[in-house]
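Below: a set of structures, written as structure tokens.
Both complexes below contain chain A, partnered by chain B and then by chain C.
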Partner chain A sequence: MSARGLKGGGRLLAFAGCLIWFVLTMFPLYWIVITSFKTPVSVVDGPTYLPFIDFEPTLNAWRDLFSGNRGQFSSTFLASSLIGVTAAVIATAIGAMAAYALVRFPFRVRLGSAILFFVVALGGYLAGTLWFGLPRAPAMLDAFAAALLLSVLANRLPLPGPVLGNDDIVFWFVSQRMFPPIVAAFALFLMYTEFGRMGFKMVDTYLGLTLAYVAFSLPIVVWLMRDFFAALPIEVEEAAMVDNVPSWRIFTDIVVPMTMPGLIATFMITLAFVWNEFLFALFLTTSKWQTLPILVAGQNSQRGDEWWAISAAALIAIIPMMVMAALLSRLMRSGLLLGAIK
Partner chain B sequence: MRNDPIKYFFIWPALLVVLGVSIFPLIYSLTTSFMSFRLVPPTPSRFVGIDNYTSLLQNPRFWNAIGTTSLIAFLSVALQYVIGFTMALALNARVPGEKLFRVGFLLPMLIAPVAVALIARQMFNPTMGPLNHLMTRLGFPNLPYLTETPWALGAIIAVEVWQWTPFVVLMLLAGLQTLPHDVYEAADIENATPWQQFWGITFPMMLPVSVAVVFVRIIESYKIIDTVFVMTGGGPGVSTETLTLFAYQEGFKKFNLGYTSALSFLFLIVITVIGVVYLAILKPYLEKYR
Partner chain C sequence: MSRVSLKSITKSFGDHSVIPPLDLEISDREFVVLVGPSGCGKTTTLRMIAGLETATSGTIMIGDRDVTDQRPGLRNCSMVFQNYALYPHMTVAENIGYGMKVRGLPKEDIAAAVTEAGRILNLGPYLHRKPRELSGGQRQRVAIGRAIVRKPDVFLFDEPLSNLDAKLRIEMRTEIKSLHRRLETTVVYVTHDQVEAMTMADRVVVMNAGRIEQAADPITLYEAPRNLFVAAFIGSPSMNFLDGHLATGPEGPLFRAADGVAIPTPLRSETTNGLAVVLGIRPEHTVAEGRDLPTVTLKVRDVEPLGPHTLVIGTVGGAPFTAQVPAHARIEPDDTIRVPINTDKMHLFRKDTGDALLNQAGVFGGSNP
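Our next item is the complex of A and B:
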């Protein structure tokens, strides 16, 4: 098979292959849609496939779901939406700013000061807890501030060792995605618990989960947006600079409108990531700010084989993303995502 | 490249958030991993050196989790890559119905893995599921899809392939669209068969993209928890337990914090080793085709 046009038998074979995969993709989705309209009896009787012919569809499962006696779906849906949209908006905004800065401005970070940051943060934390007897959270905050201050100052000194440039900073951002999230989720849970002991509740709060999601969406945002910004013609910005337009106005009035499709695509990808995320929500929420994946996963253990209810619950989590997929594929077809994905 | 102090205003918010939320907890759990620290029953934390690490390395459950995770990751990524590449080639060659297929192929990766796993539980149900219906017709009724280790692993891998092949298709398709046409025209003049063209041109030119896609998928697959959590809960026994699930059980069910922190660091080491080895193995090939 070449990468170009197919003829005759090959074309037919490719079509058959795609069709099989398409059916395999669609059948499970079709299945839970029809199952959510089944009655308990028609589920237990064995598999049936065609509504009105094989079985009589009912709205029971959906009525049950919205009446609220199957778990608090409306409030969970609201929590999921609030957290998802806020995290995606903030991550896209500050991630785009950082990506723009990394594309258009030179940065130099001395490896020495980066190492200094880590050493001071670790050492300061240990010193704070072991020698000064501080509780963990304040020790951590103090060490963080000290490390940040010292490393920023040290960056101005002519330290020996290599100097890291923009590409290294981007790599550092993206490499955050490589960390197993369990490391971060678990540590965040411990850290949030410490904050809670200081009287500042973070576990199971809007702020706590949103902050975690913003941080863990930023690598993707920086990665995607960097390609969008790099693809922009620089001449427009240079012309604006000749006219003495301040840099922040160039960004908000010229660059942002020009990359709007990219921003929207990035926003939607981030939203999908946050909406579907399971592990952080599992660790960082307990009841009030639980998100849909947690509630949906809980249906399984609580209700065993009540497929009609489980299917309806799963669909609540799926449908918003399906709507987004439709919008996203619109964007894709116009070739907007091409540059970002390569 | 222009210089303007405003660049710091642009970059610091993102930098601060990522530093604060993702780097600093690492220090916290790194220090915890050298301590004995339990919440239930509450015991004061005490320095134990590398005890947590040694007891983990002697724990067969840990090695089992590594084996299971690796098996799931490598097998499912291999399948995703082969199926995904074939599919991307077909789509790129404008197979009939390409537009419809494109939308359909995109769907699975946008669904929450938890929901996918719930669907899979219904599909794989040994008595009421449609798969059993099909297999009964073929003469194999009531196979233990989720309750016997080899079947359960197969089911998990199938679900991973179902959900993440679209990602591979998406990335490879974007790569295929950037390939130059003139090389193929030259190959046509030389009367190269499509098979030769694939191995001689398409595959080598797609190698950098392929390496990146497979890398991303392997790293992501090692993090698997939600699918397994819902489909088998790690069972039967602990035979389908993945690393993240193991860490969750230790940390959240037993609240054995020092131990879990050590576990998550070993996990980090495993991932790093796999990433480095993978890139080291493929580097010569990448350079050969450059």
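Our next item is the complex of A and C:
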């Protein structure tokens, strides 16, 4: 039954329920907005709710924020935007390609070669550091390169054991999001530090944080895009195949336009994840490429609970995502597939 | 030259074999229709010609080229799909010209080909519309337009009219036939609709469970089906079948069945006495036309007036039977009528193998070659 079918009392009840929920979700946002326009005195004096009636609004908190007294908001905002957009674009692009491949092309990975990869990668690293006295970073890079090469070659051999298919690969992708992020963040920090020792600075760089976010966003992109691609009518691609259109052009000219709403939704979700992400940014940045969540969280510890200032800072972190969602939601209209098939 | 030849083609999905070794020769400019019930392997066969499925074994030749292991794009086929498979974000003109654009042909050539295709298919006024703004028939025309600008060696149609309504289907049938006459290209056309197969084909290939039951021109299929399956599949309303056996009569073998049915056959007398057979007779051949013919007793269940004539549906000795009577015959359900059997047009099949012993092409097969 739809809510439209409700009559009289039921309708009123449903409306009241919606209203309560609306107030419940909107009130914190409203509270932050008005607090950011309050003076310190009107914040600590007890609750006031209506500007111009309860209290006299002031722009002090905002002026304070942009004057640089509370950290470099403009440069942090820029860092957040740059890293967020780059990571979301790259993750969506690569993840979409991976998802398309996983939907349309059958892969067969022998469990034996996967185990071989693990053994060679870990064993090679240990051997490199313990026996050959290599520094950690080169030992790791060499071990991984050797493991990749060997396992790809081994996959062609008739190894015993089960053969993994596309669904297993997808599960493997998604399983990377199952362990606590702190594990990955800590390991990444150690790895980046090792790279730094080799003269390749990764901690507190644009590249370092962006790469970490791309890697951590990929599973969710693959997972989401796989469903969008699976929903496409395969005949449209087959028609292009018969017409001698190369695979990459089928992807860019036909598949991508048909899944545009899905791509935009996935981009939005990835961007929101990267924009709000706290843990990686905390570990992998120190000053220059710090992102907004770190700065906002730092407000309290640096200056004490100055709620007017914290509210203004939080709003700066929230508003760009709201604007972005409003703009992109227009492009997420459905019905792009209309007319392709009966 | 664009002959298509399939030599001992097989197809299995895993352990499941859908096409046992299959041989088929399609000559240049021939319009061949593959027809059969769903799951008979007709679409798989077409997709193997297109290259969208790879043959498990065997050889596929187009003209003098061995295309067995070629990818679809290199085979120079065009394919029209049941569900149109248009590019939804492109206009009609872009849909038709996309393949040429990808192949890097000059813009003027593309525009000329698109205009020409639009003219042939009456799509002129719609060239700048998106597929979603077109009707089903127009969408399928766009798909055909996309196929003809390719100037292919072979046209492949996969049930292209199944999604259209009945009237449009008949129109498009004629259009595709005249297109074939104009373009003089080999056509392989898949359908489950035997009327479509009969009306369009130079040669109909009747398939069942991956095998070719019979490949012949429509009239031969109708008059001389090689076995029970083809006899039952071709013709609308379909052929009536009566189970019985052969017995000795005064002037040669008799067909005997329940309810005292005894019909003289032109089989030679050495045909095994007592052989279990199936008599087949089409509803349109149950008309006496003033001759003295053997009859069967029909218990009427329903009467279907069609205009030119009326169909009487009922049972003969328990088996379903449809007879044709003149339009104004006064027959009511639950009547019992005598229905003549035109012995010149009747068919006999062996019960065990289903092979024809007798049809309008004459007597053959079985123990009576």
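One rule holds for everything that comes next: the second predicted complex is superposed on the first by the 305 of 342 C-alpha atoms of A that agree within 3 Å, B and C clash if a C-alpha of one lies under 4 Å from a C-alpha of the other, contacts with A are read in each partner's own complex, and residues count from 1 in each chain.
As a convention for this text, a contact is a pair of C-beta atoms (placed from the backbone, for glycine too) under 8 Å apart; a residue touches a chain by one contact, two chains touch by 3 or more.
Remember, it's a predicted structure, so these values are computed and weren't measured experimentally.
Trainee: Once the structures are superposed on A, label A:Ser81 by its partner contacts, choosing first (chain B), second (chain C), both or neither.
Mentor: neither
Trainee: May I ask you to decide whether A:Pro233 touches chain B, chain C, both, or neither, giving the answer as first, second, both or neither?
Mentor: Second partner only.
Trainee: According to the stated criteria, A:Met241 is in contact with first (chain B), second (chain C), both, or neither; which is it?
Mentor: Both: A:Met241 reaches chain B and chain C.
Trainee: On the A-aligned overlay, A:Met258 touches which partner chain: chain B = first, chain C = second, or both, or neither?
Mentor: The answer is second: A:Met258 touches chain C but not chain B.
Trainee: So, A:Asn60: does it touch chain B (first), chain C (second), both, or neither?
Mentor: In the superposed model, A:Asn60 contacts neither chain B nor chain C.
Trainee: Just chain B (first), just chain C (second), both, or neither: which does A:Arg249 touch?
Mentor: second
Trainee: Quick one: is A:Thr39 in contact with chain B, with chain C, with both, or with neither? Answer first, second, both or neither.
Mentor: Touch status of A:Thr39: no partner.
Trainee: Once chain A of both complexes is superposed, is A:Gln72 in touch with chain B (first), chain C (second), both, or neither?
Mentor: A:Gln72 contacts neither chain B nor chain C.
Trainee: State whether chain B or chain C is in contact with more residues of chain A in the superposed arrangement.
Mentor: Higher number of touched chain A residues: B.
Trainee: Considering each complex separately, which residues of chain A are in contact with chain B in the first and with chain C in the second?
Mentor: Comparing the two interfaces on chain A, one with chain B and one with chain C, the shared residues are 241, 246, 337-338, 341-342.
Trainee: Within their complex, state which residues of chain C touch chain A.
Mentor: 50-52, 71-75, 77-79, 81-89, 98-99, 102-103, 130-134, 136, 139, 143, 146, 150, 156, 163
Trainee: Quick check on the complex: what are the chain A residues that touch chain C?
Mentor: 233, 235-236, 238-246, 249, 253-254, 257-258, 335-342
Trainee: Within the complex, which stretch of chain A touches chain B?
Mentor: Per the touch definition, chain A meets chain B at residues 1-6, 10-11, 14-15, 17-19, 21-22, 24-29, 31-32, 35, 43-44, 46-47, 49, 94-95, 97-98, 100-102, 104-107, 118, 121-122, 125-126, 136, 140, 144, 148, 173, 176-184, 186-188, 190-191, 211-212, 214-216, 218-219, 222, 241, 246-248, 251, 272, 275-276, 278-279, 282-283, 292-294, 296-297, 299-300, 305, 307, 310-311, 313-315, 317-318, 321-322, 324-326, 328-329, 332-333, 337-338, 341-342.
Trainee: Where on chain B does chain A make contact in their complex?
Mentor: 1-4, 6-7, 9-11, 13-15, 17-32, 83, 86-87, 89-97, 99-108, 110-115, 117-123, 125, 127-130, 132-133, 162, 165-166, 170-171, 174-179, 181, 184, 187, 194-195, 197-198, 201-202, 209, 219, 222-223, 225-226, 229-230, 243-244, 247-248, 251-252, 257, 260-261, 264-265, 267-268, 271-272, 275
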